[in-house]
Amino acid sequence: MIVLFTDFGHAGPYTGQVKAVLQREAPGVPVIDLFADAPGGNPKAAAYLLAAYSAWFETGTVFLCVVDPGVGGARAPVVLDADDRLFVGPGNGLFEIVQRRARHARISEITWRPAALSATFHGRDLFAPVAARLARGESPPSESRDAFWTRQPDWPDDLAEIVYVDHYGNAMTGLRAATLDDSARLAIRGRVLDRGRFFGERPRGEAFWYENSNGLAEIAVNQGRADEALELTIGSAVAVVGSKECG
Amino acid sequence: MIVLFTDFGHAGPYTGQVKAVLQREAPGVPVIDLFADAPGGNPKAAAYLLAAYSAWFETGTVFLCVVDPGVGGARAPVVLDADDRLFVGPGNGLFEIVQRRARHARISEITWRPAALSATFHGRDLFAPVAARLARGESPPSESRDAFWTRQPDWPDDLAEIVYVDHYGNAMTGLRAATLDDSARLAIRGRVLDRGRFFGERPRGEAFWYENSNGLAEIAVNQGRADEALELTIGSAVAVVGSKECG
Amino acid sequence: MIVLFTDFGHAGPYTGQVKAVLQREAPGVPVIDLFADAPGGNPKAAAYLLAAYSAWFETGTVFLCVVDPGVGGARAPVVLDADDRLFVGPGNGLFEIVQRRARHARISEITWRPAALSATFHGRDLFAPVAARLARGESPPSESRDAFWTRQPDWPDDLAEIVYVDHYGNAMTGLRAATLDDSARLAIRGRVLDRGRFFGERPRGEAFWYENSNGLAEIAVNQGRADEALELTIGSAVAVVGSKECG
């Protein structure tokens, strides 16, 4: 299975062209759209989202990942093998958190280049053919390097920021709920939120946080939009209050 | 074939994760996205939309339906067999109109639970595995019950409200056009609209109603947006004027 | 492979129903969503976009194309064979530029009609079954005619207008970059833009134009939205300054 994680958006030709390449190069391999609206041009926020959501998939899955504001520039194209999940994409930090949480990780630089490589659409021209090759069970056309420049050692293990706002207006943080106490509260925009379990148990219109179905701490309002009620966007800072973490 | 009818939205990971489950549990079964923007958190409006659109599909089709504001709470997960079309989803009225219009209908409560069931994403964890099992031709892991609490006897047979606004700004009502006279007019927001057949026959900018390609009475403006011109949203009330129904 | 090029939008049931027909009539044939947001009701702008993007696909591909404001009216349904790529859709000019650029082109009118033909959804009822038949390798149910009414001889070979704005706010013109000098500049909304190659080489916030990955001249702002910065929408006029073309 090939899973797409991009900031291409749902509109336009980008995802379709990538899928056409995958269909041609790896016919019959199922392709799943996971995110087409990963944080735009923001590999850091995207890194925490990718780590949380890729862990849900089975080993052997190939992730084709494009959040790549530096396309055409100096950043290296890379393949990461993290506990037998394979990630193909730009070496700009996007795989930092996946790599850090893996027991066994090997990152290598893609040295192969297609005959025709556009300056701005490596997702289609470079990453998709490599992902297809991996999905066919072939080894990546790459060289193992000590690609230190793709690491972001200063990024925290969990990110106390909003990293995604969904269709319902729920705002996901980059914090794993498992790192937080049951009594932990989240402070954001001058509000302090208690932990809940699901929507219907809260009064209508009340904001709370809960562990979402992929393990992230997520902020929601029952029958309302948390993004509007609390003015949340990607990058809004969160603080943990009253958890074990805070002593 | 498995057909998706949800309010997940097009953005975000929800439809992708559901499809990953379906792919794993029922490989090779085609999955069709019908609506990912069914009326959000509004099982009543969604029920009329689902009844109109599911009837177009062949018997044997499995519908995976999630408009489920009460997820995690007391509402029962159900399977409905309605004239050999199979519906999987929450027992909150979403299947009321399909069931009422069927000649032969059998509703049962899903008693199976997965090993890991999140509190907020039953579409992925519970409904998708059941839909996959049905698509493989197996019987549902459920018990037939007199699930009266899932019925909504007070809902009308046709709903005189807007139940969906499409990409073009056309507004679908919950009224079947076949129940309306050819000379019927629809009153909405202080305007009274005549019946038309297609767009090009009307003057540019004129509002009218017509039978859409799935049998619903739909309000449109030729080369314009009915939702903006008439300020229509889901829930806007419609009245039928001058049809046989009205005497 | 069947490629979809429509203005159906991403929301709503239209693409799903078309795919259900294709799945039933041509099972196993891959279907790719290229554009679901082609210029709405604007066959002229769409014609340049389609010509640029269809050329990227392999011969033998079937394109199911619906930008069809005149649906239900007098315009003819047609099939175009252009250098062994096959196009199915309305004869309203949508295929004008593909046809003009082809070495060998044959257009014919679809004379077949389905048993049930809605007045407003020929994409599902008429074009999809024909596209499926072509994808199965059968000949089109059509008659070759001198369908002069589908031609638009007054349209230019390249269109100096914005024909599409993508998810990132980049604005594609209907001009092929290969027709422009390396030193050509584009004037738009009182600004004159130099040519660039990719985003990262430009200062943050600077507008430029470049050859996009499908050969069109496209206007962009590094780490910004060109549509907002320059107030661009579909139809905005562009002028070429200082190219060979201009003398």
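So that you can tell them apart, the chains are marked A, B and C in the order they are listed, and the count of residues begins at 1 in each.
By definition in this document, a residue touches a chain if its C-beta (ideal position, glycine included) is under 8 Å from a C-beta of that chain, and two chains touch if they have at least 3 such contacts.
Note that the structure is a prediction, hence the values are computed from the model and not measured.
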Shared interface numbering between subunit B and subunit A [over half = same, under half = different]: different
Size of the rotation, in steps of 5 degrees, that lays the CA trace of subunit B over subunit C: 120
Separation of subunit A from subunit B, taking each centre as the mean of its C-alpha atoms, in whole Å: 32
Contacts with two or more other chains, residues of subunit C listed in rising order: 10
Subunit A contact footprint on subunit B (complex, rising order): 8-17, 19-20, 23-24, 27, 40-41, 69-73, 118-121, 124-125
Interface residues, subunit A side, partner subunit B - complex: 1, 3, 10, 30, 32-37, 53, 56-58, 164, 166-168, 197-201, 210, 212-214, 223
